[in-house]
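Since the structure comes first, as structure tokens, the remarks are kept for the end.
In order of appearance the chains are A, B, C, D, E, F, G and H, and numbering begins at 1 in each one.
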Amino acid sequence: MSVPANFNGSKPIINPADAAMLLIDHQSGLFQTIGDMPFSRVRAHAVALARMATLCGLPVITTASVPQGPNGPLIPEIHQNAPHATYVARRGEINAWDNPEFVAAVKATGRRQLIIAGTITSVCMAFPSIAAVADGYQVFAVVDASGTYSKMAEEITLARVVQAGVVPMDTAAVASELQQTWHRDDAPQWAEVYTQIFPNYQLLIESHGKAQDVQKNGEALDSLRA
Amino acid sequence: MSVPANFNGSKPIINPADAAMLLIDHQSGLFQTIGDMPFSRVRAHAVALARMATLCGLPVITTASVPQGPNGPLIPEIHQNAPHATYVARRGEINAWDNPEFVAAVKATGRRQLIIAGTITSVCMAFPSIAAVADGYQVFAVVDASGTYSKMAEEITLARVVQAGVVPMDTAAVASELQQTWHRDDAPQWAEVYTQIFPNYQLLIESHGKAQDVQKNGEALDSLRA
Amino acid sequence: MSVPANFNGSKPIINPADAAMLLIDHQSGLFQTIGDMPFSRVRAHAVALARMATLCGLPVITTASVPQGPNGPLIPEIHQNAPHATYVARRGEINAWDNPEFVAAVKATGRRQLIIAGTITSVCMAFPSIAAVADGYQVFAVVDASGTYSKMAEEITLARVVQAGVVPMDTAAVASELQQTWHRDDAPQWAEVYTQIFPNYQLLIESHGKAQDVQKNGEALDSLRA
Amino acid sequence: MSVPANFNGSKPIINPADAAMLLIDHQSGLFQTIGDMPFSRVRAHAVALARMATLCGLPVITTASVPQGPNGPLIPEIHQNAPHATYVARRGEINAWDNPEFVAAVKATGRRQLIIAGTITSVCMAFPSIAAVADGYQVFAVVDASGTYSKMAEEITLARVVQAGVVPMDTAAVASELQQTWHRDDAPQWAEVYTQIFPNYQLLIESHGKAQDVQKNGEALDSLRA
Amino acid sequence: MSVPANFNGSKPIINPADAAMLLIDHQSGLFQTIGDMPFSRVRAHAVALARMATLCGLPVITTASVPQGPNGPLIPEIHQNAPHATYVARRGEINAWDNPEFVAAVKATGRRQLIIAGTITSVCMAFPSIAAVADGYQVFAVVDASGTYSKMAEEITLARVVQAGVVPMDTAAVASELQQTWHRDDAPQWAEVYTQIFPNYQLLIESHGKAQDVQKNGEALDSLRA
Amino acid sequence: MSVPANFNGSKPIINPADAAMLLIDHQSGLFQTIGDMPFSRVRAHAVALARMATLCGLPVITTASVPQGPNGPLIPEIHQNAPHATYVARRGEINAWDNPEFVAAVKATGRRQLIIAGTITSVCMAFPSIAAVADGYQVFAVVDASGTYSKMAEEITLARVVQAGVVPMDTAAVASELQQTWHRDDAPQWAEVYTQIFPNYQLLIESHGKAQDVQKNGEALDSLRA
Amino acid sequence: MSVPANFNGSKPIINPADAAMLLIDHQSGLFQTIGDMPFSRVRAHAVALARMATLCGLPVITTASVPQGPNGPLIPEIHQNAPHATYVARRGEINAWDNPEFVAAVKATGRRQLIIAGTITSVCMAFPSIAAVADGYQVFAVVDASGTYSKMAEEITLARVVQAGVVPMDTAAVASELQQTWHRDDAPQWAEVYTQIFPNYQLLIESHGKAQDVQKNGEALDSLRA
Amino acid sequence: MSVPANFNGSKPIINPADAAMLLIDHQSGLFQTIGDMPFSRVRAHAVALARMATLCGLPVITTASVPQGPNGPLIPEIHQNAPHATYVARRGEINAWDNPEFVAAVKATGRRQLIIAGTITSVCMAFPSIAAVADGYQVFAVVDASGTYSKMAEEITLARVVQAGVVPMDTAAVASELQQTWHRDDAPQWAEVYTQIFPNYQLLIESHGKAQDVQKNGEALDSLRA
């Protein structure tokens, strides 16, 4: 409906206390079909989502589409980074929301906001997003922690889910909307999260640390050594 | 109107029991003008649509724009993959919806949802889509089974049809929304459909089969042979 | 407002009998700043618009932004292809709609639909489009007969004008919505128009003519000559 | 809400007399993470914004995100080009709008329109934009004077802020909507502003000046010299 | 050595009577790693090579790298299109030329020219090419019937094999150098070969046939029908 | 042989008095297969070559590959711009140099330098170039007045012809090496030639002329008009 | 000299028993300037080189350019993956080969082949490569384990080092030329090396393992579960 | 001749004591035709060359092609950054080397190495480079301080000048080969030179300085402030 659905005029942003995260079909076989961005970025972004859910205590539900077949196994890093996540096996339904156990698991979280990522984007991410909107949830679709076969397919899907009332997000925006402030004890862990989203951030941390060490230790420039 | 038109608040998804498919002007000459994606992808996607319509028993209507001239003949694979399709010859009308026989054929299907693809996108796909919305149909535009002269032209058209209330789809989303589940007897035929949409899927099937055969047959690695 | 403005629910398409065309600031200097597509495509598209306005008897109004300075002269092909066009000189106003003579010239056409293209897109095309919507016109913005400094700038502008209720069009869609049918005496001139929009069409016409001549004349293949 | 928020049907354009400019987190470290366009373009555009605010007497508020850490210092050109700007130090809040001093500074301007740019786009620009809309401001987001880690992230953010009622702008459109006319004494300074947005404009000015000098001075072509 | 090696001043072109073809490691798993072009183009080009070898009676030798493991099975189309090809199983050697049975099979052909393609390019194609040059063969490397992980890797490999005296070829050049003339009975089969190399050629054939049929049958333009 | 062949140490540049131009297979059908650059650029460059040959009195020989079939007719502009050109019909030979009449026509010019362009690059341009080198000619291959199916194919061909001793040229370099100086009576015609190679040059000429006229006529800036 | 220098006609390939590896200036600051490929690929490739040197017992020498300044610290993974590497501090010399301790360290290895990578490519990799060739070494330049500021700069450098007699390599080719065969006990470690060069290889390993496990364990497809 | 010409086996590197710099036709009009890279990068690189020549005391000769016409004036920054440069006016010769005063000026420097950049690359840079090689100079062509109309044209030219014995360089390599070491008093000026070649270097300097200041001044993180 081209407005953020189910917000009823309230600010369309994530409330960490009322959100759950759904990570759908991030599987080794399906990853080979990704063409809208390097699949390794999708992998890193999905892992970042799992990690930030853990940092915030967000419920996480995972599932996979027939992992015994060509779609391949769920990538292991997701549960490694979100050990509290619940895995729901489906029975062949393409739309995870068509699987009653999956919907039940979502309901069991008691949360009214869903952060959803899935491969492939137009199916595994979009179908549950549209269905969840219809069931009254506030839905945030993490488009770049999902992957699909072409940039054009991604753009079409972005248009479709926005039309359906889903709020589109990139992975960095999800992180920052959950983190809220650097004035917190786990700030260093959040900095690590960002290194998975924009890898240049790791270089910044390394260079910054070295520059301060040089100053602290009075280390001379190599070019000024005797 | 920037919301999915004619859904009246119901979920904007395809209902296989109430949908018909319109494949418009997929012609050899027009395909030469495609610049927003490789035309061979458009061709494969159009063929995939025809094939999935057959798997689901969806009515299909085809038409061509002056195929005796530079636009060239309809590509033969569409009717080969949808032998039940009805071809409607026009009398020069650019918008297929301006041709009374075409509209009559659509009405004759009794369906209220239309899945539309056409070359070129901004004309052969967009004009009938906008007209059908005005006539009360729920319309799904398959943007990447259509083709046009530039990526920018495709993006402009996507914006225009969404503004008009059309639901934008990629070819994979149409397939999955029609298939619904892998728990069906014709699952292998659907797997074949996907190999036409993301060709890597064929590699996955081949590699998966070989890996299982090696295990089943106790075949040794070549590198471990005596 | 994200719905086609001022249509009041009627179909958002061009009515050749009620439309005028505004071609704004297509100048040799400004063309050097175009970065979202090759400027020569913008030039060809603007010329195609002028030509189709002539074929349909559409009123055309042109203007230029300080052509005595670095922006350079209006390209001559526009008036060559639309000899009936009216040129309105401004007094430095960036938004043509801020110039009273320009608005008066538009009003004098008696038309309620405006087809607008201009360089640069986000300014010369977008500002008058938004202003005309506010004054009650139905506005069609021809995004790829306009040009701007980056693809991103074009995308931002597309989003802005759609949000404002403007209908986005590509040049081919304008042509086809004006032409309506190939069943007309000036069909060959329309075919020429398309060769300026997708140059491959010229190749199609050439190849088609040769293939028919070969058949008609019983010309042998060179490879089968004695 | 997919219409320009808080305009209540009035034309969604900048009113120089009622607008303030917020330049958020344009920092040397964060600039290294920019991947949607060359960071040097973002830098030039941000500087152009500062300069045009000065030309128009627009209030400017700047801020930075923990500039003592890897994010690095605010780039110096912003305050150099807008010496009247107010800098607000935050206490780690990621969303500048979460910092009470920042919001107070905005309120103190008495303006109801906000022109916002920030790095990274989906966070530093988008969060305050969405929050300001919720607080009743008319918000213009300058997408290409902001920067983020990928083109896709930029596109997602554009969709999100438009959905939220923000008006998307490119830097050139902001300049022209502020400048309004070339019929003003500071026209040459505005020409300089454009050279920072589309660098070809500098070439145009140089070539135009030389061509007029040659004519004025009766300078012969080198190729015609004896 | 940067001149075509082992030609001794003779023209560096393929002699169909003295050439053999080596198709190395075109495997479903390795194809997933291809990043310098769409893998489906590599697949089509390798198939085209097999087909043209059959048309010309060229000896073909195939091999695979540990197809029991992640590299996956040889794609079946190669032997389908070159039923006379000899498959040589290796024992883990990465460079096929390090496998004595492979080299023996090459020698057994009695040919002094080798047309080589392989995946991945810098290894499976380049290593045997360099080794064969050292053993006195004239080597033609078909770079775009090979595939590798990045465009840069392909460019580096092109430079390396040229430096080593290998003649670089694209697939179309191999076809034409083998076919030599359209004045031959199997000309239609060669036309089919080209449709796999530049798919637009299929469109040309279809359009050409239709245009001639229309002329032959006196078929009227749809737009001129009563 | 990776040095310019047959120059014997003399400077590898074009001598207008000793050069002939061969324009091979620039046909409407083959142009549809061009993928390394927009075919319309190839068309413009081929036309530019024809035009500059006329300006310099260079002999021109043209030919086509089975123009009665899908390859289509020779584009008409070549002979229009080089009315003195000789057309040689082949008998199906793919390499024009395999046709005795073609070689005879080349010999009849008495020139020892050949400027060659052809579509497709790796075949129609490369084969005659390599053959002509072997027959002792100094050969200049105009790579961007030729066209082929992919950028990679063009790069492979560039490497192959350089390895074979051909001098690679772009169209602009050919023009300038023929023109030599602006101090000549036909300088304006040469300026026109460049507008076909870099279309921005046309804008420069238009802007330069206008700027001088404004100065000459004392025309006021529109923005300074009363 | 455009032939592989110092090979004297022997095959230009790596001999693991006679090669040393030089990893030059892979520093966090310099990595920010990389524009010819994602810096994270350069980082992964450099790490892969270090790892393969360890697997083969190749001597490794590292160095950094003024790491106390903006160039930043050496990335830590190199010494982590090649614990036996020797670090040589320079005194500001840009060309590592200008530093006597560096050259002495190279000589001390007793190897005559050098595998060199460095950031930035045209300086830190190219200068020592050219100098080492002049001193009689056989040099292999790993172009994609180096990084520079633009793709064009990389291409220019590739041309320059090939002209100077350096053998250009991609990272995968170095790995395979060192590994030689899968018939070795450390084959799994080599497989891991490749996952850093073409990340899809990791997916292949995961999918292959899962497919074999499913077969081994008789695991049913989820879609066939009761 | 595909080896660095006129080096006679000596190392093909720049000797600052024996080199002169030729900056040819960097003009505002010609810059508009540049399509192989953003012209503003060419401008920055040309300025960097001028600056480094001044730092090293290298002779500089400039010239322009008919600056009174559409080619436009020489950009002023070159002489601003190399005040000691000599400007030579030509008489219409396209190849600067055809102008006797230009060659005389080169000879007058007494240098045997020439560092050459020019716009457009294939003409203004390539022609004098090839001519200078023929006259016995060692020539270094700075390809990315030159500009031309397409990436393909640049690649063709690179191949041509390498074939002719010219050493190809990027701008950074020239800087570093002239600078040689950071152990020199003007090191900060060289750092500034690099900010014009890879603008990220400016960010590195800014971030590095700030990080050291924070450490030196004991400045607290904003996020840790009370």
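FYI, a residue touches a chain if its C-beta (ideal position, glycine included) is under 8 Å from a C-beta of that chain, and two chains touch if they have at least 3 such contacts.
The shown structure was predicted, so the numbers you read here are calculated from the model rather than taken from an experiment.
Student: Within the chain touch network, how many edges lie on the shortest path between subunit B and subunit H?
Tutor: Each step joins two touching chains, and the minimum needed here is 2.
Student: Of the pairs given as B-G, A-H or A-D, which one copies C-D, with over half of its contacts the same by residue number?
Tutor: A-D
Student: If you average the Cα atoms of subunit E and of subunit F to get two centres, how far apart are those centres in Å?
Tutor: 30
Student: Let me have the rounded angstrom distance from the C-alpha centre of subunit C over to the C-alpha centre of subunit E, please.
Tutor: Spacing between the chain centres: roughly 46 Å.
Student: So, what's the distance in Å between the C-alpha centres of subunit G and subunit A?
Tutor: So the centroids are 33 Å from each other.
Student: Considering subunit D alone, which of its residues make contact with at least two other chains?
Tutor: Residue numbers touching two or more other chains: 2, 29, 32, 65-66, 69-70, 72, 91-92, 155, 159, 181-183, 200, 203-204, 207-208, 211, 214, 221-224.
Student: Go through the chains and record each pair that touches.
Tutor: Going through each pair of chains, those in contact are A-B, A-D, A-G, A-H, B-C, B-E, B-G, C-D, C-E, C-F, D-F, D-H, E-F, E-G, F-H, G-H.
Student: Which part of subunit G faces subunit E closely enough to touch in the complex?
Tutor: Residue positions touching the partner: 2-4, 11-13, 36-37, 41, 143-144, 151, 154-155, 158-159, 162, 167-173, 176-177, 179-184, 187, 191, 197-198, 200-201, 203-205, 207-208.
Student: Contact residues on subunit A for subunit B in the complex?
Tutor: 1-2, 29, 32-33, 35, 65-66, 69-72, 91-95, 98, 120, 122-123, 126-127, 130-131, 134, 148-150, 152-153, 155-157, 159-160, 163-164
Student: How about subunit B: which of its residues touch subunit E in the complex?
Tutor: Touch list, subunit B to subunit E: 28-29, 31-32, 38-40, 64-70, 72-73, 75, 89-92, 199-200, 202-203, 206-207, 209-211, 214, 219-225.
Student: Applying the document's contact rule, which stretches of subunit C touch subunit E when the two form their complex?
Tutor: Answer in residue numbers: 181-183, 187, 204, 207-208, 211-212, 214-216, 221-224.
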